[in-house]
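Following are the structures in question.
Two complexes, one shared chain (subunit A), two partners (subunit B, subunit C).
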Partner chain A sequence: MSDGLKIVVLIKQVPDTSSAAGVNPDGTVDRARAKKMMNPFDKFALQKALESRRDHGGEIVAISMGPPPAIEVLNEALEYGADKGYLLSDRRLAASDTLATAYALFKTIEWIGGVDLVFTGLQTTDGDTAQTGPQIAERMGLAQVTYTETMKITGRTIRASRIIDGGLQHVELQMPALITVANSASKLEYKTFANVYKFKELARDPKALEGRVRAIDLDVIGANAARVGLVGSPTVVGKTWKLGEKGGTCKIFKGDAPAHEAQLLAGALAADGQGMEELLK
Partner chain B sequence: MNDFGDIAVIADQIQNDIRPVTFELLGAARELAGKLNVKVRAIVMGHQLGSIPTTLIHSGADEVYVVDQPELAEYTTLPYRRAAISVIDSFDRVPHIVLCGATTLGRDLAPRIAAHYEVGLTADCTELDIGEYEHKGKADPAKVGMYHNCLYAIRPSFGESLKARIIGPWKNPQMATARTGALIPCKPDTSRTGKIIPVKVDFKPDDFRVKVIETVRKVSSGADLLKAKIIVSGGFGLGGPEGFDTVRDLASIFKESAVGSSRKAVDAGWIPYDHQVGQTGKTVRPEVYIALGISGAIQHRVGMSNSRVIIAVNKDEEAPIFQFAHYGIISDLFEVAPLLKKEFQKSLAAAGAAR
Partner chain C sequence: MTIEYDVALVGASPSNLTLAHRLVDLADRPIRIAILEKAREIGGHLLSGAVSNPRVISKLFPDWDHSDFPLEGVCRESFLTVASHRRWESVDRLFMPPYFKKEGYAIINISDMAAYMAKKLAEKAAAKPGVVVDMFPGFPARGVVFEGEGVAGVKVDDTGKPEDDILRAKVTVFGDKGFVSRDLIKKFNLRKNPQLYSVGVKEVWETPKSYQGKVWHTLGYPLMTGHLGGGFIYGCKDNRLIIGMVMALDYANPNIRPPQVLQEFKRHPNVQDMIRGGKLLKYGAAILPEGGYYSLPEKFAVDGAMLVGDALGTLDLKRFSGVDKAMESGYVAAEVIWEAYTRGRFNAETLGVYQRRLMEGWVGRELADSRYYREVFNDYPELLDSFIPRIIEGVNSGKSVWYAAMQAGLADIGGAFRLLGARKKMENPSDGMPPAKHTEDRLHIDPAFKAPPRDMPPDPAPNTVYSTADVVFYAHTHYEEGNRHIDEFDAKVCDKCIAQYDAAGKDTPCVGDCTAEVHQTLEKGGKRRHAMALENCVQCTTCEIVCPPVNLRVNAAFHGFGPNFMGL
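Up next is the complex of A and B:
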């Protein structure tokens, strides 16, 4: 095709749990106060999108669903080379579970239309389900490759390697397809100087950026509000509680003679009936 | 007999290698089935499955639905999806619960099945239970009410050191995937009997859009992480990729051992991702877990805290790992690891002499 690929990449904004901001003393996260970041897995998805466009031309549309501040991750995606961004933001989306999220994102992709490739991260660090991608594929009737490590496109044919338990599976399929990208995929190079530079150049001329990142709502994409949010989600969080601390039961050996400590530890194991003889070669 | 459906377990199988999570799911399903007074139905898909269906009965299934067709010799999403849905549709009643492994297979397949039926799916559970739930939400009056015999899908809620109970009693099947190593299998019993029910599936040409060119499974020298009895893991305290030589050296004296890693060591490129233990790696439950130079962050802990015995070596006595390890040495791992190796070998010699 002369005008290249139409590529969608799904990017979520998540709390940055490595930052102390918004982390309560008891370890819980206050989502409102927490520092936010691009879901780390989605950077690998973005990288695959950038690689596909580099080799085959076309357009990358980044989509995120979330509250208004999530527009930041779309700006970030543009800075790294995406062409356009849509933020699906609507109060009625609050408390959507993966089925509802997948429906809303599916409607957004359908609204964009004519998409050849959809990339998602393997999973998010907050929702952490790895379900959204396959659930979108199901709605779109698309073939999918999950846990993708490497991929190569020739014409309309995709060759991909996906991680399976204890190995790799090499597969071949035709576009359109949905690809979820593993975080073990190649080293991240998406932050190329050229991309960032181009963005900075663009950013000097507000007109050039105009309309590149746009907020949309359920009405724009023609989604059924009854299928999203609390009403459209088949699951709810019934209850949460703190992980029990087992603290204080550890037998600690400490001193200046590691040989002695190792001996004490082995002795304690044996005394506690935890001897490891039967496990030794 | 109850008026609600049975519990279906989708067997996790790669090239006729039944993955351990299958037995764990069957074990949990038996418990749940006992509480609901329903049957456990296993669904197994593949080709030339041989004695696998019988093994599933020995491991807790009352009925095994078998789709044994050449199209299923290798796992690909769409044919397995079609087969699973055909089997579930063939049931006399909608299953109350459907369980899958939170493996590369289950996490690929389960969301498609859940989206097809438009039902809830809770990912990566570490516990499953049955209980009641009262929904009081004002925003969704249609859901309000008291519900009994709900699936409690319990999973860690991350970065937040919390556990969450996810509930979705409004529509069956209630679905969940469970992590390998989290649930307890029941003891295999070769005297258990059950029904084996073959199901023939009509595929559509569209199901074969993805072709498998090759499946490469690494035949590792020892057992893999999920099967290992002893795991020796290394973290950022190893200082570099060569640090893993020390880890491997200690692991080498044990039968059925494997080498694990924290994410930080994986991210540093010291060891491949498939060794990673934790939230975004594997959940393991070996007899013994030895952590060398691992601080014990919550995301690591959730992947290994169910190990029977946890031994930690860390030079920082404040390291969180000492809050949940059973034995610890506060010292330099490079000094301690070879000494531990010597001690363990001595125990072996002593045990041999005593015999």
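Up next is the complex of A and C:
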């Protein structure tokens, strides 16, 4: 592999959880009005992609699916250091569930061709299913590791460890492969001034920018429109509801000194049967 | 990597954003401008009152009062109010000093204004071919690059390795609050008379009633006798209310506790009437460089660099005029930069024109006219120690301010005559008086300070007054690992300072004056040591100003870390 790895990283733009903008009274989100951000889980996928390229060379292609403004999230990926970005954007994709989304993304990766590694985050903060990554791997017939904590590449072989209940499971697999990256896998690096500057320079020339980041539609990737969008999505959302606000009363323990107050609190908890007897001993 | 622009602006301050606007307006040929900003988004670290004379805002945005400009309101009614712990009385308009009359002024949150200015700037630049304005929020300047007799640019942080990225420019303009510009001022020994500071703390409330367009400036409670400062309350749109306190730091008390002074202000019955049943939205703190005329640097520009706004120190305490003068300094600087750009020379001579032009204009005239205002409070201690307290006493017993002032004057006729002289010096100084001499704020601090007795208002309504720990939560600070942005030079120096203040039964000034519960003394190995909860820090730099042994330095935090002052 003299050219290094061809790495795809999947990134989604999600509503910014630190902002209440665009949240409707019924609890649904108006995505057009909401403040947006890169899905925080995907930052770890991007980080792993950057690390893999640093160690083994190659190219990082970021892929996202969403409405035209979501191209911002790919621009951001370039600021972090990705080489290219494709936004799959098509009205016919609206209301796609994870099955339809996985199909569309699989067709995009296939269209790019020659991919060695696909990195995804564990899940998104808006859908929270953690299904799309594994579904893509199944569609493509790729080996996959989910909840990946560590990985080491030697030639075409990947040795990885994934988080399971009670410990780590060590696996070995061959490229091409899909990896969903755990949040504990890496320490995130920040954008560098130089990279942000380079992207600004690139963005000044619309032609040059389009050579690096552009939107594509279903026809470009040759996907079957009947398998995406509402018609291609078997998932039915039966009902949504808002969680009620938690009630409760507040009790303040006043004592002579902090230690005394702690005693009062612990005593009250013990009396409440909260298992504080052990702690008090 | 070394990155080059024509103009580098340090800090997306009102001054630098005005500068960029004016420069883009003037540009009839290509020019490249970079703006560095430590906050995650433009405006995120900016905090001011603010009721501002719209004289510069209207130059940039002629339709400011009927457009999408983020105006909180236009002042319709302004009051100068004297507060005791249970009453307050406003000064009759007839006797109100003209500079307290704010009718027609713009009520703004400068964080929102800066975000708006940045947005408009990007649009303006995009419409001019060859004119480039690149904004870098989240990337502070971390040091000055000196070259020859001047400045070649700034170091930009890059993942904790400041040596990595350098921004070079033909001219670098410093509009920061001292994080970087102090190095420049020190290197060229520009400031002969030290800067003086106040610390300001501010909350934004949502209240049951609207007070839009009303402006109060208060004297007296909750400040201790002898402490220069005051409260401010500005009515904003959407039932929001700005409540704040400004306190001078050249005060003997080592434990001012600014956030608690603000809580005490909110306990005043008149403030309680406004906020009862309301909701606290945001909290923040910032310093005000208020030395004024005599704290201005000897030179406003050196080869390749200029100082504007707070880096220069254009705040006029007498008129409460900070934002407009800072913006004007940027406006004038832009014109000088454009001339220098046209001539292709950026030395102390071409850039120095800025100093003359700024000082000959209204900024210089007004600063000169206020030049003794700050000094008078130190020269005539009886003003804060007895005269104003006597007026407050009068107000407390039900008198009008005018009557209370008369009584206070009659109680000490000799003193009253002396104060007439002070008033002349403040309002209309004659020529030929010696320049004011400032001593650094930290030198005024006295560990043996005894707090004068003080009355407190009745207990406040629930959920209107907070502990410092609780109120800091409303500054919405965000930090991740590796956020050591305050340097402590020598732990032994801190130990000694702590021992000295412990013996006096006080907290050290860094602890006692901190606006965000950052500085603490913790018991460690049988000894009390200095510790910092940096995740609370709102980057106000008060600790650095009041540290008696000059042992702390606040640096610009990187990666956009820090408070979120949007809407403050």
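As a convention for this text, the second predicted complex is superposed on the first by the 217 of 281 C-alpha atoms of A that agree within 3 Å, B and C clash if a C-alpha of one lies under 4 Å from a C-alpha of the other, contacts with A are read in each partner's own complex, and residues count from 1 in each chain.
Everything below uses one rule, namely that contacts are C-beta pairs under 8 Å (C-beta built on N, C-alpha and C of every residue); 3 or more make two chains touch, one makes a residue touch a chain.
Quick caveat, the model's predicted, so the values are computed rather than measured.
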item	value
Which partner reaches more residues of subunit A (counting touched residues only), subunit B or subunit C	B
Partner chain in contact with A:Val196 - subunit B first, subunit C second, else both or neither	second
Partner chain(s) touched by A:Ala270 [first = subunit B, second = subunit C, both, neither]	first
Touched partner set for A:Ala215, first subunit B, second subunit C, both or neither	neither
Touching partner for A:Arg204 - first (subunit B), second (subunit C), both, neither	second
First (subunit B), second (subunit C), both or neither touched by A:Ala225	neither
Contact residues of subunit A, present in both the subunit B and the subunit C interface	none
Subunit A - residues contacting subunit B, complex	15, 17, 26-29, 97-99, 102, 123, 125-126, 128-135, 137-139, 143-147, 159, 162-174, 182-184, 229-231, 233-243, 245-255, 258-259, 261-263, 265-266, 268-270, 274-277, 279-281
List of subunit B residues in touch with subunit A within their complex	14, 19, 74-78, 103-105, 107-112, 114-116, 118-124, 133, 135, 137, 139-140, 142-143, 152-153, 156-168, 170-171, 209-218, 220, 224, 226, 229-230, 252-257, 266, 272-274, 279-280, 287-288, 298, 302, 305, 309, 311-312, 317, 322-332, 335-336, 339-340, 342-348, 351
Sites on subunit C touched by subunit A in the complex	1, 3, 132, 134, 136, 138-139, 156-159, 164-165, 167, 481, 558-559
List of subunit A residues in touch with subunit C within their complex	187, 189-194, 196-197, 200, 204
